[in-house]
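First the structure, which I've put down as structure tokens, then a few questions once you've had a look.
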Amino acid sequence: MLIHPDRLFPAEPGARQIARRLYERVRKLPIISPHGHTQAEWFARNEPFPDPAKLFVQPDHYIYRMLYSQGVLLEDLEIGQSEPKDSRRVWRIFASHYYLFRGTPTRLWLDFAFQELFGLQDRLSEETADLYFDTISAKLGTAEFLPRALYQRFNLEVLATTDSPLDGLADHRAIRESNWKARILPTFRPDPVVDPEFGGFAENVAKLGGTTKEDTSAWSGYLKALGQTRLRFRELGCTATDHGHPTARTADLSMAEAAKLFDRVLAGDADAQQQELFRAQMLTEMARMSLEDGLVMQIHPGSVRNHNRKLYERYGRDVGADIPAATNYVEALRPLLDRFGNERDLTIILFTLDESTYSRELAPLAGHYPCLRLGPPWWFHDSPEGMRRFRERATETAGFYNTVGFNDDTRAFLSIPGRHDVARRVDCAFLARLVAEHRLDEDEAMELAHDLSYGLVKEAYKL
Amino acid sequence: MLIHPDRLFPAEPGARQIARRLYERVRKLPIISPHGHTQAEWFARNEPFPDPAKLFVQPDHYIYRMLYSQGVLLEDLEIGQSEPKDSRRVWRIFASHYYLFRGTPTRLWLDFAFQELFGLQDRLSEETADLYFDTISAKLGTAEFLPRALYQRFNLEVLATTDSPLDGLADHRAIRESNWKARILPTFRPDPVVDPEFGGFAENVAKLGGTTKEDTSAWSGYLKALGQTRLRFRELGCTATDHGHPTARTADLSMAEAAKLFDRVLAGDADAQQQELFRAQMLTEMARMSLEDGLVMQIHPGSVRNHNRKLYERYGRDVGADIPAATNYVEALRPLLDRFGNERDLTIILFTLDESTYSRELAPLAGHYPCLRLGPPWWFHDSPEGMRRFRERATETAGFYNTVGFNDDTRAFLSIPGRHDVARRVDCAFLARLVAEHRLDEDEAMELAHDLSYGLVKEAYKL
Amino acid sequence: MLIHPDRLFPAEPGARQIARRLYERVRKLPIISPHGHTQAEWFARNEPFPDPAKLFVQPDHYIYRMLYSQGVLLEDLEIGQSEPKDSRRVWRIFASHYYLFRGTPTRLWLDFAFQELFGLQDRLSEETADLYFDTISAKLGTAEFLPRALYQRFNLEVLATTDSPLDGLADHRAIRESNWKARILPTFRPDPVVDPEFGGFAENVAKLGGTTKEDTSAWSGYLKALGQTRLRFRELGCTATDHGHPTARTADLSMAEAAKLFDRVLAGDADAQQQELFRAQMLTEMARMSLEDGLVMQIHPGSVRNHNRKLYERYGRDVGADIPAATNYVEALRPLLDRFGNERDLTIILFTLDESTYSRELAPLAGHYPCLRLGPPWWFHDSPEGMRRFRERATETAGFYNTVGFNDDTRAFLSIPGRHDVARRVDCAFLARLVAEHRLDEDEAMELAHDLSYGLVKEAYKL
């Protein structure tokens, strides 16, 4: 057996009993996945997923960053190669290093998928590598492992993707137009057209003009084009935007200043400070548009992208070399909050990679401003200990009701049920501790378990 | 039942038994409240407290910041209105949102007061709102709920208020001159006359000159006026000062530099940096005076006051919109410590809103400098998890004996017993864990439980 | 009894049973001490250790910083006095203040030594001071308490000292040339010749030229002299270097720039920024040399040394007045990592005094770069709670296998077994919790307990 029915529950028998009861309340609830990086194309085409290596290893930077840190070469994992050579060999390398994941959430997610989806019972290792490869390969070829079948099996109620404003959303449209009943929604992620440091920024802005028939070489046309694109997303069910800036800085420039700054960044004449100021201004513009069109705003700041220069030069973005940095919210968000902080019809969900801000900045901010909510622990902190720290540090100031449930935020579709299961269990364990310590009554914990698993995410993301 | 006899004790039965024994040792000890924001006027006049809304909701920014964060309007809570309109309606709004406080310390403090003082047994909710309102209203009208009766009932041994140097302390004098035996003491909080950004700073300094007959338009007269006012406070039992600066920065300027800087800030010509430097210099001046007159010095740095511009413009200070910021101590305190750090007759109690400094800066500083002690977890961190983090992070470096017991720091008089009860229980739970893990013997834990609840605060604050 | 057989294990009986089994697996493993500050001279001469005060109190800044913080004068402890006056009096002062160490790791280490080495059973206090003094004094005079006998009794497999490049390592050579079988190895700590702020820097560089016959007044000769000295250390068994800079900053200047900067710092013309840049450059030079000669590199940044000006003026360095500061790694290490981060034959072990970096910076960095490993909790964080925080915050991102086991890092030879015992117990307790919560299987935890106690340190330090 790879996963135990009591996993992640408190060791103390009394608290464990409480956790079991709470978990039983939420175990079968549908999954709402309001933020992630799966591909609409999978569901539009509904073709079988490829082999185990391509499914589990090559798209998952959680996995290969760990292997790389211990001396496995990305070449040997066939990362960044258009033509796969030997997937079984890649899988065997992974299997023989599986012990590296002891104590990590990756291990929990994978074991869940291995056992619950593929019926595997013996731990992955050098010895069982081929058994795993063959078992998974065989199942992937069957009808019940097609993307749409898995969506149903996972009991998904909503699944949001993350999409560029330049994306025509043809796959989303195709899903809608098919007779398949599922809610797969786009999310508006404008980084390619609002971050001057994003590769091809000026070209992207020009393309945006092309698709919207607006003059995006001028500030006013650029804003109109963004607003229009947001509406295009909304028409396909989109309820949220997402913003992945290096910092949480916001600005509130005058129209004239903003227009001038836009000209400069578009011309490529802006220095690093001006680029940062432009991103800052764009967060405030996005908040203004959200107040108009109702899209929920997500801010994911504080990642130093592409920290490993050599890997970036060779493999490009998203190869597991993004490193968090200390992040300030209290001053950074002030310009935006000065303008829109008291709006009750605006929802801004804040994320962080800097846990020291949970109790110092984020919980006090979200425990005061009507527009603010706290996103769940993100990325490196999407883990049992990370979730526990989040609840312990944020709840006493922000309460539970200024948080928004769980995000799986994953590229790995097959890990979605396992990730939500970990989140539900850790929340039940936290609630069980409060009940066992008589800080909360069990009937309240029952209600909260439901809210944290299902109710809050639905409400916060307007789903 | 709203509160359980074992609340906040460890779930594990062995450790819980130890916690019960330790708590039994300290449960009935008198309460020493060396720092808070109750009003001497209440005890001088000894008039009944007003209705439940005015007692519990409107003065408590912990409560209405949470309600506000979830969309309740401050107008609907009748905040900042001179004439109350419908207290029962305010109370009903509060009651119907009481679930928001699940998992927060506010819930623990309130339930304690509801049950222990007012005999209420059913949870506050929309349904029980009127029962609560009527029960509390009726009791507030009785003799045993008058301020002086409650002081006795709460088993208070000392209660310190926080007062401006411009306050004549008439209420404190009236209490002293009455035949009522109680120790209600003022605390010298000079922010209005030492912080150039405080509203009406120059006028305040001029008024200080008026009350002291010193020429406060000159540096030397200003210092004399402060020293003289400190003595006036001391004569009424004051043992401590309190300083609420944006940062912990200190300075040690020459007499001539300081005098010049004073002229500039008084003339209103100082920029933000010079204002900060002036506050920094004043901390060192206050330390110097403390060494002379024996007043214990408290530093509460790191709050970004009035973060919500619109609320500040409409309602003024203290409306729940103060947000903590990252705080540095190791360099900021250096000028003061260079001068007075090795004085054994000086006590400086450090507080923080930045928990990352507990193990990194505060415990190492207090574990070395003879003049330094660590104040208890403050404000957002005055909570079970906050207290646990403080003990876990500070004790191993600073020990228990460089800490100073508990502060309730509250405006809400009726919450005082509940707050001290939470602190005593959390400390007993922490000690019980150390005993259960054989890191401390139970006889030592007994002694420590007494010290943390009673002994250390008395000694540190010279009470 | 001073120490309990179940100390530091979880209170919950099921988890405690697991911890006991894991600990039994590692209890008798040899001790590898790859980083510390014991003196090779002790083992070269093998003379009796002096009296209890000189053995336990005067060399241990953990002890006298706590006593000093509570008003004990360093004079009364005879710190910094060449001629001891009354060791028994010093011991009595220490004994009567022993309660200050409740809840600290110092207490755990000392009680271990008192009971396990000296057979003491009653707690140290004013009453038992003389009993302790006499018992310890008597044993120190016996053959079984000579340094070499203790080395064997402690079951040490390797003991590394920390040494200046100007040290001739005569004691290390003497030990090697004696017929005593023990591995006592030097560590190359070049601070005196690479840190321009180190006392006597220029003279030290000149001396380095003298011992190596290189022209250390020029950049190229200076580098050659360092390389040559590293080889001299290596010949005596050294496997590692150690670097104690104020920050983790690194640089990668051109040859010409570096040479020019060297000239300036050597001439004493460098300002603080240039001195910092020179240290930064030297970390990168050291990494380059490590790639050549195979020495493992340790970086211990973030201590503000000699924070107490008056004590420094009177007593000099290392008197317990070093205070941690916030430390950045993500930008600071970038120049070095840009150049060498992907080298699989380089090992750089990172330490920190800023726990907020564990999950934010260090675990993500070590969980990606092949050359990086995380050192154990250091100094103020070398404690049960500190170790628990490290495992909880680092493991989920970096795994266990990017860590390197335990360092005792001590000047106090007699505390070595007690320190390793605490580390082994805390690791077993952490693993037991993972097993009890079904996040890890017990057979895996068994393997990990062995790796964390013995395997990883041996591999990481190439011992």
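As written, the chains take the letters A, B and C, and residue 1 is the first residue of each chain.
Note that in this section a residue touches a chain if its C-beta (ideal position, glycine included) is under 8 Å from a C-beta of that chain, and two chains touch if they have at least 3 such contacts.
Owing to the predicted nature of the structure, the values given are computational and were not obtained by experimental measurement.
> Between 0 and 180 degrees, and as a multiple of 5, what angle does the rotation take that fits chain A onto chain C by Cα atoms?
120
> Would the interface of chain A with chain B count as same or different, where same needs over half of all numbers used to appear in both copies?
Answer different: the two copies use largely distinct residue numbers here.
> Taking the mean of the C-alpha atoms as each chain's centre, how many Å separate chain A from chain B?
Roughly 40 Å separates the two chain centres.
> Give the residues of chain B touching no fewer than two other chains, as numbers and ranges.
10, 12, 356
> For chain C, which residues count as touching chain B in their complex?
3-4, 6-13, 65-66, 68-71, 99-105, 108, 123, 304, 307-311, 320-326, 353-356, 380-381, 383-386
> Would you mind writing out the residues of chain A in touch with chain B in their complex?
Contact set of chain A toward chain B: 10, 12, 14-15, 328, 330-331, 334, 337-338, 341-342, 344, 356, 359-361, 363-370, 372, 392-393, 395-402, 433-434, 436-441, 444, 447-448.
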